[in-house]
Each structure stands twice: as C-alpha cells, then as structure tokens.
Amino acid sequence: MLNWLLIFIPIAVYLEFSQGNAVWIFVASMLAILPLAGLMGRATEELAIRAGSAVGGLLNATFGNATELIIAFFALKAGKLDVVKASITGSILGNILLVLGLAVFLGGLKHKTQVFNQKNAGILTSLLTLSVIGLLIPAVFDLASVNFAHVAQPADLDFKVSVAAAIVLILIYLGNVYFSLVTHKDMLSPHDDEEHEAATWSVPMAVGVLLASTVAVGFMSEFLVGSLEEASHALGLSEFFVGIILIPIIGNAAEHASAVMFALKNKMDLAVTIAVGSTIQVALLVAPLLVLLGLTVGQKMDLVMHNPLELIAVAAGIVIANSIARDGESNWLEGLMLLGVYVLLAFAFFYFPTVSAAAVH
Amino acid sequence: MLNWLLIFIPIAVYLEFSQGNAVWIFVASMLAILPLAGLMGRATEELAIRAGSAVGGLLNATFGNATELIIAFFALKAGKLDVVKASITGSILGNILLVLGLAVFLGGLKHKTQVFNQKNAGILTSLLTLSVIGLLIPAVFDLASVNFAHVAQPADLDFKVSVAAAIVLILIYLGNVYFSLVTHKDMLSPHDDEEHEAATWSVPMAVGVLLASTVAVGFMSEFLVGSLEEASHALGLSEFFVGIILIPIIGNAAEHASAVMFALKNKMDLAVTIAVGSTIQVALLVAPLLVLLGLTVGQKMDLVMHNPLELIAVAAGIVIANSIARDGESNWLEGLMLLGVYVLLAFAFFYFPTVSAAAVH
Amino acid sequence: MLNWLLIFIPIAVYLEFSQGNAVWIFVASMLAILPLAGLMGRATEELAIRAGSAVGGLLNATFGNATELIIAFFALKAGKLDVVKASITGSILGNILLVLGLAVFLGGLKHKTQVFNQKNAGILTSLLTLSVIGLLIPAVFDLASVNFAHVAQPADLDFKVSVAAAIVLILIYLGNVYFSLVTHKDMLSPHDDEEHEAATWSVPMAVGVLLASTVAVGFMSEFLVGSLEEASHALGLSEFFVGIILIPIIGNAAEHASAVMFALKNKMDLAVTIAVGSTIQVALLVAPLLVLLGLTVGQKMDLVMHNPLELIAVAAGIVIANSIARDGESNWLEGLMLLGVYVLLAFAFFYFPTVSAAAVH
C-alpha cells in the first residue's frame, strides 16, 4: 500500500545528481526507503515460506534487519561512526519501545488482556539483558580507561575490546538461532495458532525483488547518509535526534505495520517476536557485524557509546520492556508506559545540545 | 491517638513569631504535622467512603500524598529547590523501603508467608520501573550536556526536558487511574476481602477537618522549611539527611501506621497498595506537579537530581522493592532486606559531606 | 583426584625461602591451593554430616568460602587493599557467571530443561540484588563526595560508611541463615532429592585435615599475595586480570567441580545453591568481615570499588544471573549467556590498562 512512495527513488536520484538541496535529498531518500524496506521484508517472507520452517526461520532471522544494516554500512563506509552508533541505538529504542509499545497499546485497547508464551518471553528478556550488557561493557571500559586509569588515547584498547565483544555476541546470537530452530523448537511454539500463509510470488520473482530492493536501498542509504549532516543543521535538529529518532522510524516502518496488525488480531506471540526479536538481532548481530565489516572498509568501528544519554536510553528501554514482557501478559497501560518512555527519550534527544567535533575526546 | 501532638501547632506559631530558636521551631512544626497528616488522611477516607468506589478511589489517589505536596510546595515557593528535590527522593525511599519494609517484616513475623494479587504487583512494579526512568532521564540529560556536550549552563535545557517529562509522567499517571478505576477494575481487586468501613463523620465535618488540617499543614510546612537550614546546621546534620530521611518519616507517619496494621491483619494487598501506590504517586504525580506549580510561583524547578547518591538511592530502592514484590508473596526476610537497604542509605546520607553552595554548578 | 598437586606445597615453600623467581612462586602457590581448597571443603562436609542438618548447614555456610577469605586476609594484612577488593569482585563474578554458567550449560546439554525450586530462587535473586546494592552504595558515596560535594580526601568518610554497611550486610546474612535453617527450612527444601551421604572420615581426622589444610592455605596465600605484583608484571598481565579472573578460578575450583557434577546429575537445586549461595556469602559475609578484620590488623579497608569497570562487572553479572535464575528453569542457552558475559568481562579486564599508583586518588 506504500508502494506509490517508490516514485521517490527517481526523485532522490535526480536531486542527488543535480546537486539539489540537502533537505530534499534527505526527505526523498528517507521516503523511498519506506516501501523498499516493505518489499525486502515481503520477498524474504515469500522465500521463507517455500524454504520450510527451519531454513525459513533462519532467512527471516538473518534478513529481518537488512535495511538497518545497509543504512549503517553506508554510514560506516563514509566514516560517520557516530551515525552508525546512533542508528544502532535508534533501532533498539524504536523496536523495543515504539513498535512493541504501539502493538501492546493498540492490541490492548481492542482485547482486554493479551497473553503470549511465557517461556519464550523468559528467553527473550534474558537475551535483551545480555544485549544491554554487551553494549554497556565497551562504554564503561572506555570511561574507566579515561577517568580511572588516565589513559589519554583509549581508542585502540576500545577497538580491541569491541572486536572481542563482537565475536562473543555473534556466537551467542548463533547459539540462539540453533536453540530456537533446533534444540528447543517446540518450547518456543507460539501460544496462538501461527498463520500458515501460502506463497504467492514465484521464486524467481521473490529473488528478483529481494535483489532489486536491496540494491535500491543501498543507493538511497548512501544519499541519506550523505545529506544527513547538512539536512539536520538546516532543519535545526540535533544529529542525535535525526539519527536516533527520525531514521529508525523509517527503517522500522515495516515492522511497525506487521507487529500492530498481529496485535490487533490478538496474535501477541508474533507481535512480541517481531519487536523483541528485532531488538536482539540489532544488538547481537547487526552491531557486532558492523564492527567486523568496519575492518573490511578500513574503519576502526568500536562499540563505545560516548554519550551517557544514549547508554541510559538503551538501558531504560530494555529494563521497562523486560518488566512488561516477563509475565507473558499485556494490556493497554503497559503499551502506554512503553510509548511514554519513548516520548520522554525523544524529547531528551530533541533538546540535546549539538556536540562540536572538537569536544568529543 | 496522636492527636495530642496538635498542641505543637500553637507552640510552633508562638516560637515562629517570637523568633525563637530554629531547632525548636523545626521540631515543633515537625511534630505538629504528624497528627495533621493523620487527620487529612482520615477526612479524605471518610469522604471517599461516601463518594462511592470510583470517585472515592480518585479522591484517595489524589489526596494521598497531600502532606508531602504541601511541604514541597512551600519549599518551592521559598526557592529552596534542593529541599524540594530531597523531599521527593525521601518520600520515595520512605514509602518503598521503610513503610513497605516495616509492613512486610512485621507482617511476616506474624504470618509465615503472605500473599497478594500478583497481577496488581506486576502493574505496580512496571510503574515503579517507569518512575525511576522518569527521574533518571533528566539527571542523565544534565550530566551528558555538561560532561559530553560541554554545555556550560544547561539549566534552561534541563528545565525544558523536565517540563516535557512532567507532562508525559502525569499523562501516564492519569492513564493508571483510568486503568485501575475503569477498564481493569476487576483485575486489580485485592486478594483478601477489602474492609468495608462505614463512614462515621458527617460530610460537613469531613470537609471542615480536611480544610482546617490542610491550612494548618500549610503553616507548619512554611515554618519547617524556614527553619530547616539553620536547624540542621545547629544539629550537625547534613541537609541531605534531614530532607531525605528525617522529614519524610514524619510526612509518611500515617501511611506507616495503616500499612503495618493491614500487614498484621494479613491484608497484604492493602499494605502493598499503600506503600507502592504512594511511591508511584510521588514520582508520577507529585514531582511533575511541582515542576508545573513552579511556573505559577516563578520558580524554574527541574527534575534533575545533581547528587549521584540520590539517584542511585532511588534506583536501588525501586530495584530491591521490585525484586521482592514481583512474585506476589512476602516473608520477614524480604522485609528485613528492604529495611536493610533503607538503613544503609540512611547511613550514607548521614555521613554525606555538606555541599557548599558555590560547589554546585 | 587433584591431591597430587599437594606436591606444590613443598615446592612453593622451597622457592619462597630460596628467593626464587616470583612467577614460579606465584604459579606453585596457586597450584598448591587447588587441592587444599578441595580438602577443606571435604573436611567441612564430613563434619557437617555428623553435626546434623541445622548445625551442618551453618558449618557449610560459614566455611564454604574459607579459601577466598584466607587469601583476602593475607592480602589485607600486607596492605594490598586493591588485591583484596579485586578478589571480592573476582569471587562474585567467578561464582555467579563461571560456576553457574558451566553448570547450567553442561547440565542443559545433557537434560533439555532443568528445574529448581522457584521460591528458593526468588529469595536468592533478592539477596543477590541486595548484594549488588551493598557494594554499590559505598562506591557511589565516594564518587558523589569527590565529584559533587568536592571533598578532596573522602577516605575517612568512605571508611565510616563501609563499616556501617558491613554491619548491616552481616546482620542480613545472619537473618538469611536463620531464615533458611529455622523459620522457612521447609520452603527451601530442594526440588530434587538431596543426596544423603554417609560420613566416611572419623571426627578427629576431619578436624585434623581441616586444621592442617587451613594452615597450609594460609602459607600459600601469603606467598601468592607476596609474588602477585612482580609475577603479573613479568607475565604482562594487568593486576585486575590476575586478581579478578585468574586467582578466583583457582579459589573456586572445588565449587566448579561439585556444581557441574550436580548439574549433570540433574540436581539443579544443589548446583544453584552452591553457585548463588557462594556469591551471596562473599558479598554479605566475606567482604564485610574483611572490613571488620581490617580493624584488627590496622588496615582501614573500605568497600569502595574505584574502578567503574569492576562495579559494572558485578552489577552485570548479578543482573544476568537474576534474569536467568528467576523462573526456576534453565537450559543450555542460558548457560551460554552466563559464560558469554564472563568471557566479555575477562577480555575487558585483560585489555584494561595498568593503573599507576599515583593516578588513584
């Protein structure tokens, strides 16, 4: 239904090559990514249905956050490591607070109390806790190196710790995939009957759409990243607000739509799996992969968030989501709390003063 | 039974107008507030019984922390923003650690294991988590502005973020009232039979007592706040200890008495609701209201706690209370843990060095 | 089976008195402690069996961490307070992440889902939460004194707060012993049938072994502490890594073996009690006792961890363990998460820069 926004692909290309206004390039490429993310998701799902549940689950798990990964990769290639980190933070907050919050709130307005598989929720909340620890340790390592051990240039040590952390996190992510698809497949079967959709696209069509939309997302991401700085200054918005709040809303639009739809149909297991699963994937797979990918493009990307507000935002988002998801039940008030924390954080990032490049150590 | 302490009202008035010793004014006004808080509570309850459960619940919910709000308002009017913030911290710690701890400990000594509605406990602990996030974000925003973005005077931004946070927190508080009194009233019905007391005061008498005690609390609070600084220096106590530990014990005396009484009668749902409900109310209603009330008396009151010890104290109190309340069961050891954390914090605030005004940025 | 390592006792003695290489003294004394810790544990158990369950439980609870206490005491006597604190941190991390992680992981590979008494787990996780608060408050007190109240030399205040905290923590520990052995003994009875072993040693033999191994551990600990600094420099390892990661692996070897053995036999209650119980004992008994013992040897030992990485490591370990233990069920993925966090922290301490003595305030 958003496919008419594809018209923004040629518009973005035209603006970029005619060296148009950065704000328009930024807006056009952002709008173009919206339907492309949807198409990538749809094509992945079509292939997943045909591939059978085990490989299909793996496909879904791996390509679920492809849009975020591509945007972040182009920011990484351009050396804009702050944008990469902001997009990680923003993707986590967007999934765990906005997507989950909207699903729980709207689902809860329609259905008084909604239930989901408590054992699955238990594993997911432990993985969320692990995610926040994985992102916290490098930041505290940096902080302690500077303020306690008085190391002037901790960047190299930060990078080593981040590479080690990245490998550990990816191993746990692979462990989780093996756990859900092989050893404990039955334990995690959803509480509600899963939708058994039939594939409607042919395999060549699905593969074609997947490839075409991936390539297009790549170009749009490059334009987006290239215009980000100038556009946010022109709009009077802090780069934190743009990177952490604005871009992830676009990148996660597809997840929003399906999570809310499942919640309204009272299929909360699927809604929770989409929102929480995406968060876990960003923290345990996308972020660590970016550290390793950085090596291939000559960028020493670490996992250190320098802004304490980002750190606390991620921790706060995961703590409140844990508190709400743990008992395997949800209602509209819990959705309101998630949305409330998101709005609180959005205000904080909106008012956050711009950091001069010289000020960052 | 504490009504004989009303004698301290004229004593406090006499001392204040004869410009008596600050320590005596401080002690007399503190002792006078003790029975007044009890009378306000009693009058509110009498009106609540007559008003029926829905409006009655709202009345109780709104006037439950009136004493704390009045004391804080007079401190606000006098521009003593640190005292206001200390009274917020102290009220949260007093309710969640001392009131809940005493109730759980004493109730647990009499009854081996006490149970309470687990679903209610789930909502309450999520709201507690939200409370600590709401109070944490402005403080971290300030910290990050100063130490990361190197903003010299973050006061204006702090205030903007605090106003935004205040509005979000009040909306969630209203959502919670609507949730408990309208949409999920049945879910939160207590595990034990609620006491159905008959009203014993006439409406004019209840209204009269409510008005008279509110006015008297107002005067006593003004004296208390006016003598606080001089009295705490004379007594050799840090202002943090007086504001965070001493005053809230007085302000919460009525809650103490009823929570412990209900726990001894094995009505843990009521005891938990009083202690945890008060905490939530202070964090989600009283503190945000003070920010907005500050605007009416020309005080730019923000929600930023500058002392890291205060922040961690609130976080620690809420985390341990969550850990204990979550499972819907309690015993004396859990009460001992809550009291232990309270005593630990009381010692920390007791030994905390006095901060010179110049030292605070 | 490790008893052949006792040969390292005479080797360590010989090296120490012939003023041998520090690295060899360090390695030999570490290897000698391994079987001695096992013998102390065995002798305590033998006495506990004969003493009956109540006194036996108390014996086990009190002597369970004797090795750690002895090593730390000799570091304390030598004035190496940083080593004492590192051994506390390391003992907590080793028990809660490595011992529990290995038991849950290996047990989970053999048995699909393992269950343990949920009520017991609830009490244990609350005590863990209390432990982290008890260790956090003194550190934050110090931080706030220096950065907020601008006190130049907070050492005396730190010490006062630490003594107060130590007394509170020991009282709660005693409360816990009374709770588990007297008032709520039945509630905490394990889910699986406890092993009823017969005593095989005579009382004089058990007492003799206990005394002899305690004395020997004492000597070995003195050698270990004496050679620590020189050995870690020679090996190119940070003192944090040696104190927090290396030494506790040795000190906890006996716990490792029995926790993993019980997990493989699907007796998870015993495995969890060993790992989590040891952690609680270190935080609520060993650490506070060291503060009080410091007074007897003229050392003002406080509970302040100055390195933020240590603080966050302890907090992270306890938070992830709580998340996993709370539901009374475990599987291999949860064990992998615990081990993952341990490896992450081990890397962080491995890369942590050495702190020059002058740099610590």
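When the chains are written out, they are named A, B and C in that same order, and each has its own residue count from 1.
Rule of thumb we're sticking to: a residue touches a chain if its C-beta (ideal position, glycine included) is under 8 Å from a C-beta of that chain, and two chains touch if they have at least 3 such contacts.
Small disclaimer: the values here were computed from a predicted structure and weren't measured.
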Turn needed to bring chain A onto chain B - CA fit, degrees, nearest 5: 120
Self-contact between copies chain B and chain C, residue sets same or different by half: different
Centre-of-Cα separation between chain C and chain B, whole angstrom: 39
Chain C, residues touching no fewer than two other chains: none
List of chain B residues in touch with chain A within their complex: 119, 122-123, 125-127, 129-130, 133-134, 136-138, 140-141, 143-145, 147-151, 154, 157, 160-161, 164-165, 168-169, 171-172, 175-176, 179, 183-184, 187, 322
Chain C - residues contacting chain A, complex: 112-113, 306-309, 312-313, 316, 319-320, 323-324, 327, 329, 331-334, 336-337, 340-341, 343-345, 347-348, 351-356, 359-360
